[in-house]
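For reference, chains read A, B, C, D and E in written order, and residue numbers begin at 1 within each chain.
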Amino acid sequence: MIEGAVSSYEKIKSKTSLREILEVACSFEASARDFYTDLIPKVGKNMRWLVEELAAEEQQHFDLLNGLASREDIAEQIKAEVRIPTTDTRFSDAVQLPDLGAKPDDQAVLQYAMGREQIAMEHYRSLAEGTEPGPIHDLFGYLADEETKHKTELEKVYYEVVHSGGV
Amino acid sequence: MRDIDYKDKGGILNPLKSLSFFGRSSVTVPLEPRAASANYRGFHLNDWEACIGCSTCQKVCDNAAITMVSIPDLPQDPAKGIRNLRPAIDYGRCCWCALCVDLCPTGSISLSREYVHTCLDSELDSYFVLPDSNGIHGTPYPKGWAKSEDADLVALERARMEELPPPERIGNFNEIVAGYDANQAIIEASRCVQCGMCFDACPTHMNAPEYIRAIWKGDLEQAVREIYRTNPFAHTCGRVCTHRCEDACSVGHRGTPIAIRWLKRYAMDAVDHERVKRIAAEGKARFLSGKRVAVVGAGPAGLTAAFDLIKQGYEVTVFEARPKAGGMVRYGIPDYRLPQDRIDRDVDVIASLGVKIRYGTQVGTDITMAELERDYDAVILTIGLWMGRSTRIPGSDHPRVKRAVTLLRDVAEKVKVSVPASAIVIGGGNVAMDVARTIARLQKQTYGQVKVTVTALEDLEHFLADPEEIKEAREEGVEILPARGPQEILFKPRKYEVDKIHGLRTWRVLSIFDAQGRFAPRHDEADEQIHEGEMVVEAIGQAAEVEVLGEELTERLDWNRGRLEIDDQGRTNLSWLWAAGDMVRGPDVVSAVADGHRVALSINGVLSIREDAA
Amino acid sequence: MRPENYEAQRQPPSHEYELNIGPNHPGIEGNYAFKLRLHGDRVLEGKADAGYLHRGFEKLMEGRLWIQNLAITPRICVPDPVPMEVSYCLAVEELCGLEIPERAQWLRVLQLELSRIAAHLFTFGGHAATTGMYSPMFWGIADRDLVLDLFEELTGGRVYHIYNIPGGVRRDAPDGFLDRVRSTLDYLDSRLPDYDNLLFTNQVFVHRAKGVGTMSREQALEWGVTGPNLRATGLEFDVRRDDPYLVYDDLDFDIPTEEAGDAWARTLVRRKELVQSIRIARQVIAALPSIAGPIRCPIPNPLAWNVPAGSVYTRVESSKGELAWYVVSNGGERPYRTHVRGPSQMHAVQVLEKLSVGCRLEDVAQTMFSLDACPPEVDR
Amino acid sequence: MTKDLSTWLDTLLDELQGIEVRRKSSRRIRVDVQPDALPALLELLRGRASYVHLSAISCVDWIEENEFELVYHVWSYEIGSLVSAHTRIARDPGVYISVYDIYTPAAFFERDIHEMFGVFFEGSPDMSKFILTEWDGPPPMRKDFDSEAWVNAHFDFQDYQPDWLKEIEAKGGGVAVRPDEQRFSRRDVDAS
Amino acid sequence: MTELIKTPRTGETLPVKAGKRTNPLANVFDELVRFAQSRSLFMLHYCTGCGAIELPPSMTSRFDMERLGIQPMVSPRQADILLVTGYVSVKTLKRIILTYEQMGSPKYVIGICSCTVNGGMYWQSYATAKKLNDYMPVDIYIAGCMPRPEAVIAGLRELMENIRQGKADSWKDYYRHYDHYLGHQQRLFGETWQTPTDVIAEARHYGLFGPDTLGTHTALLEQHQRPLEALEMKVDIPELMARR
């Protein structure tokens, strides 16, 4: 499933307009949202909040990119955004990508989500590096940053859920 | 130095010699008040930043001149031992003895060099003053009598507690701390200023000032009585409590806090067990209410609730999956911190009141929640946090990668554990320390030497384990590596059927929290280390095994971010089900006890109303 | 109900009459009445009337913690408060078996002697004033104030020092304090010839004071007279030397005596004691810098302090005579009973009543002051 | 007439029954004696052992034992030691014999004890009131007299209402603990 | 024991001489009188409590209150200031009240030390009065236990200033609210308490008789009052008798 996601990022390479790129990125977010939405009934009620939150996050992200795509001044918007570079804190590197299986637990879901964001982030980052400075470069950079932010948020949740510290 | 030669020598004209004084200048001082001396005892000053509102000044005031006034604008934090009370002085009583200054635990009160205050009869209210650092009239005067290095009337240091030195404790599971003897306990108890900050800070609001005072007076039975008013896990808490009371202790502001935990332990150890049982049974209802309550899990929260309810006449049955009661206190805390026989005593006191404990009964398999719902008027869920969390880094699914909870339980249950010659513990909390020190002892017994490495994400500043634990672990030969992020478990080249663990690869953690204090680790990949060890134990966290509830019940219940949703009385959304303890509060013994009381109170309230309605 | 002694209680024949001296009168350091029956200006009978300063100290002390009582003790004798503090502390220390650090002992001696100097200066002045000579009073009080300045610097209070505490003293002497004590002592020393000229060799005063309120040594012993009043009858006795406390054993001082036993002799003994006190204080100043160490031994928390059961009788020599505390503890946080024996309990009552008989009215005030009677000690 | 200390002690022990002597230090001796033997003891101490100075008579009210303890502190200028002679009398009726004929200063102390404790000394020259002439309550030093209760019944204390307090009260704060609610000097912990 | 009725002591001004007069010259005259009064004060030398120990220094060379025109005075009749130096035992309080009533008006009371305000350190004592202003009006308080001579001097200067401004007139309050003060005195001393001074008549004399001068307590006083009798003098000296 993750592999599928990886290959789909290849699609975006071929796109050349900002709006097109954003639309493809939106579709990624939508598919992630759908994935989590599908997962909701599969997990126990006690951890449903997590999956619901993830779906909501993706939806939010989708709305953000969608809104951006529909604007006329995409380039300016993105320029303003990329001035604040988000650093990757590289925590999730150590986390294995789990096989979610039929009954995943909260840790697995979180790890999966973090892995997903990680991959997205890396791809956008490499796409950005592969393009000449300009609006498209900025856009990929922006998308990479967005994924990084999301991943960082997930890490916080992860620490709170998993690392409860011990007695 | 001349002595007088008075033998009638003087003449009647002798006094005239004093006429020479006409030419001398007068000794008269100017009319304006002189500056007072450097440690003059003038009107009060009080540094509101430093003052914690502990009322010690009020207690030592011999003239009843001090009134404590609550000021809503000021911070109030029971956990830190801060009240929003400030002393107001009645200068119609004060005698400027400055005992308030010398006894003030924080040194906030001092006396200024200002000494003139006059007023008309109609202005007599100006004799009642709320001192701050500006002085009585708002004019700046330097400090006069203030706290000095040698001025403390309360001993700032604790009575010494005997401890086993590292070489003597490492090869065995004997209790490290010797406990106070009678003399030490009385000395230590006498340091208490009875401010009650401990009471405020304690989750279960133990009457610490009262039992400390009883210990000081030598009335240990009274001390036990005071302890049992709020805490039936008295032996346990006397040894392993997280002692928030001591963090709040007002004496701790300038010295070491009163050893409240050790004093409790002393009182509990000093009184005969049979006598303790009788004291604990005082006030037990002589009737039966006819209501039945089931408790799932015989840990501190569950047994505390059982203790309260049985005293109120309920019939209480506790279902415990393990062969012995005590929960995490028994299976999670090594013997050198809390010997098993002490838990036996705590449990015995509770059981002696008539609480039925059904051991080896796993709810979910041996008996279902549905049956409990059917057979009991109320059910309390206190299942604790028994699922050890894993980092799930590559290699963590190996059989020689253990969970802390499991390992500690195995040791406590005397299950044969194959002791690794070298081990790595991942985690920086007290559990990690318990595991490391337990393994160290086993290694010492088996191999005669210790090789345990603890790696933690946190740096020393943010370490979750108590400094005491870290210090003692290091003394016992445990290597503690803070700020290491685990990346992968490495294996030896395959020679055997099962891989043998070679070690753990870690990266240095540059910082772990962001500016908001939330988790945001930053790694330094360049600083990579490989720690060698045959076994890895993960002690990063725990979760509740909520599977016991069964799917159907899980769906009926409300949840909040993975934890059971309860109200402030411990009630779930189901009218028959309460939850308490670690599973809802997080891991802490004394909080669990407090929680036990809370749900017992709630159940008693609800059931008696139901009865009235019936 | 009128105050009971507002009216004369007896109807005397006209050549005999009663006179109430006090409670507002110049003859005594405080609020105290003395009822006289006179024949002309000869005193036939004197009756002391006390209680104007009664506060029920001993009762109050039973209700307060051991340490809280420190604030009360100096108030028992206002002109000379230090011996009260010290003797109470000595009593508590003896009950508790506390070892007082040496430095604290020396500091206590310094205070005691400074207090004695201040009290004696006050008494001379008062005595001179009762004979109509006001200059010595002005001098005495002004010079006494210099000693109070020292106290203010050492203890933070001019009159009520509350500086001693069971176990030692509350603060160490500030920097340069000893130098200031030294210069004040030098100054006081240099003033003695002035006092001699004005008072002690002044034949007007000498003749006024001689033969007034005379008692023999036998009478003094019989009546329980102590302190300078006893030494003025020729008995060389001083609690500091003969029942020593603190470090008085290590100090070098003389015990001045006089033989006459009259007002003059009593004042002269005080004059000589002043010299001895200056001498002792100088020894303390010389010794103190070399005595390091703590100023207080560890004591229990004042809020949780049970003093072991027992009773103790501690005596010190105050400027007025033998001062003693009988302190009983039942092992509790508060004294079970405290009883203070002030020298004035004898001097201001029985001794005064006896000495005033036959006195002339104008000498009554002088007799009182020469006995250095302190009413709050009687009233408590 | 300086006698060896042991000599007179032996003499005393021979002559008096039921007397217990304890040396507390080189200059302090505690003697416990029956009330009827005390005057004789003092007579001996004064007459034969040079204890001419009666330093004080202290009275202690042992209310639980229903007894008054009288302690006679006598000092010898020659021997340089202080004997504290303790004796106990019944609290009721609280009557004892004066030692005025042995020690003149006893008059003051006995009069004082009479008005403060209500112990009557037979043979004392003046048992009239001295300090408490205008007091008509019970002897105040007795343990069963509660000074504070008496004060509360007869006096008012200030009721301060300063502006700062009104301001704090307007904000919802105010006096939290009055001095009489948390007084260590009287707090009866035993009663809890 | 009488039930004490608390009379509110308000600072209402009665239409007496204190107010501004219409004649400007009279105002100047009043000012002058007050100035003169403030610069020549005699202080009754009565040591009621321990605060008295700081009075000799205040009076003598070092702090020298004579600079202010204040001198000690032995007789109450000629004194202007009654200094209550600290605690007053019940026995002393009776004398102080007698003394106060015998002082000629205008008279000023100064309460020194904690004890005169709220009992001070003797708040538990059965023997001392707690609030001086229950028994007599007080013009000024000086805080301290005990206040230093400088503080005493500061208090006296404050009093002088108040006299100059006409603010120190508490003595009138004693007449206007005699019943209140008498009530407290009776509560403490018993209902038969009486003093030789006829305060009510004096109040009438000074024109200070007000609605609160009389009350239940003065009624009680009248009920118990014995007329004062002169001491009987038996003159039996033969020469004198013969001359007569």
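As a working rule, a contact is a pair of C-beta atoms (placed from the backbone, for glycine too) under 8 Å apart; a residue touches a chain by one contact, two chains touch by 3 or more.
Composition by chain, UniProt nomenclature: A = Rubrerythrin; B = FAD-dependent pyridine nucleotide-disulfide oxidoreductase; C = NADH dehydrogenase (Quinone); D = NADH dehydrogenase (Ubiquinone) 30 kDa subunit; E = NADH-quinone oxidoreductase, B subunit.
Here the structure is a predicted model, which means the values were calculated and not measured.
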Label-sorted list of chains bordering both chain A (Rubrerythrin) and chain C (NADH dehydrogenase (Quinone)) is B
By CA centroids, point me to the most central chain in this structure.
B
Between D-E and C-E, the pair with more C-beta contacts
C-E
On a C-alpha centroid basis, what's the spacing between chain A (Rubrerythrin) and chain E, in Å?
89
How many Å are there between the centre of chain B and the centre of chain C (NADH dehydrogenase (Quinone)), using C-alpha atoms for each centre?
54
With centres defined as the mean C-alpha position, give me the chain B-chain E separation in Å.
60
Between chain C (NADH dehydrogenase (Quinone)) and chain D, tell me the centre distance in angstrom, where each centre is the average of that chain's C-alpha atoms.
22
Expected list for chain B, residues touching two or more other chains, is 27, 59-60, 62-65, 90, 92-93, 95-96, 124, 127, 194, 213, 217
For chain C (NADH dehydrogenase (Quinone)), give me the residues that contact two or more of the other chains.
3, 51, 54, 56, 59-60, 63-65, 68, 71-72, 142, 160, 303, 379
Identify every two-chain combination in which the chains touch.
A-B, B-C, B-D, B-E, C-D, C-E, D-E
Show me the residue ranges of chain E that touch chain C (NADH dehydrogenase (Quinone)) in the complex, using the header's touch definition.
44-50, 52-54, 56-57, 60-62, 74, 87, 89, 91-92, 94-95, 98-99, 121-122, 124-128, 145-146, 148, 189-190, 192-196, 231-237, 240
Going by the contact rule set out above, which residues of chain B touch chain C (NADH dehydrogenase (Quinone)) in the complex?
1-4, 6, 8-12, 14-15, 17-18, 27, 36-41, 56, 59-60, 62-63, 95-99, 102-103, 111, 144-145, 148, 150-151, 153-155, 187, 189-194, 213, 216-217
Mind listing the chain C (NADH dehydrogenase (Quinone)) positions that touch chain E in their complex?
1-3, 6-8, 11, 13-15, 23-26, 29-31, 51-56, 59-60, 63, 71-72, 75, 78-79, 122, 125, 137-139, 141-142, 144-145, 148, 158-160, 376, 379
Once bound in the complex, which stretches of chain B touch chain D?
55, 58-62, 64-73, 84-85, 88, 90, 92-93, 124-130, 194, 210, 213, 217
What residues of chain D sit close enough to touch chain C (NADH dehydrogenase (Quinone)) in their complex?
27-28, 52-56, 58-61, 71, 73, 75, 77, 80, 82, 84, 103-105, 107-109, 112, 116, 130-134, 140-141, 143, 145, 147-148, 184-186
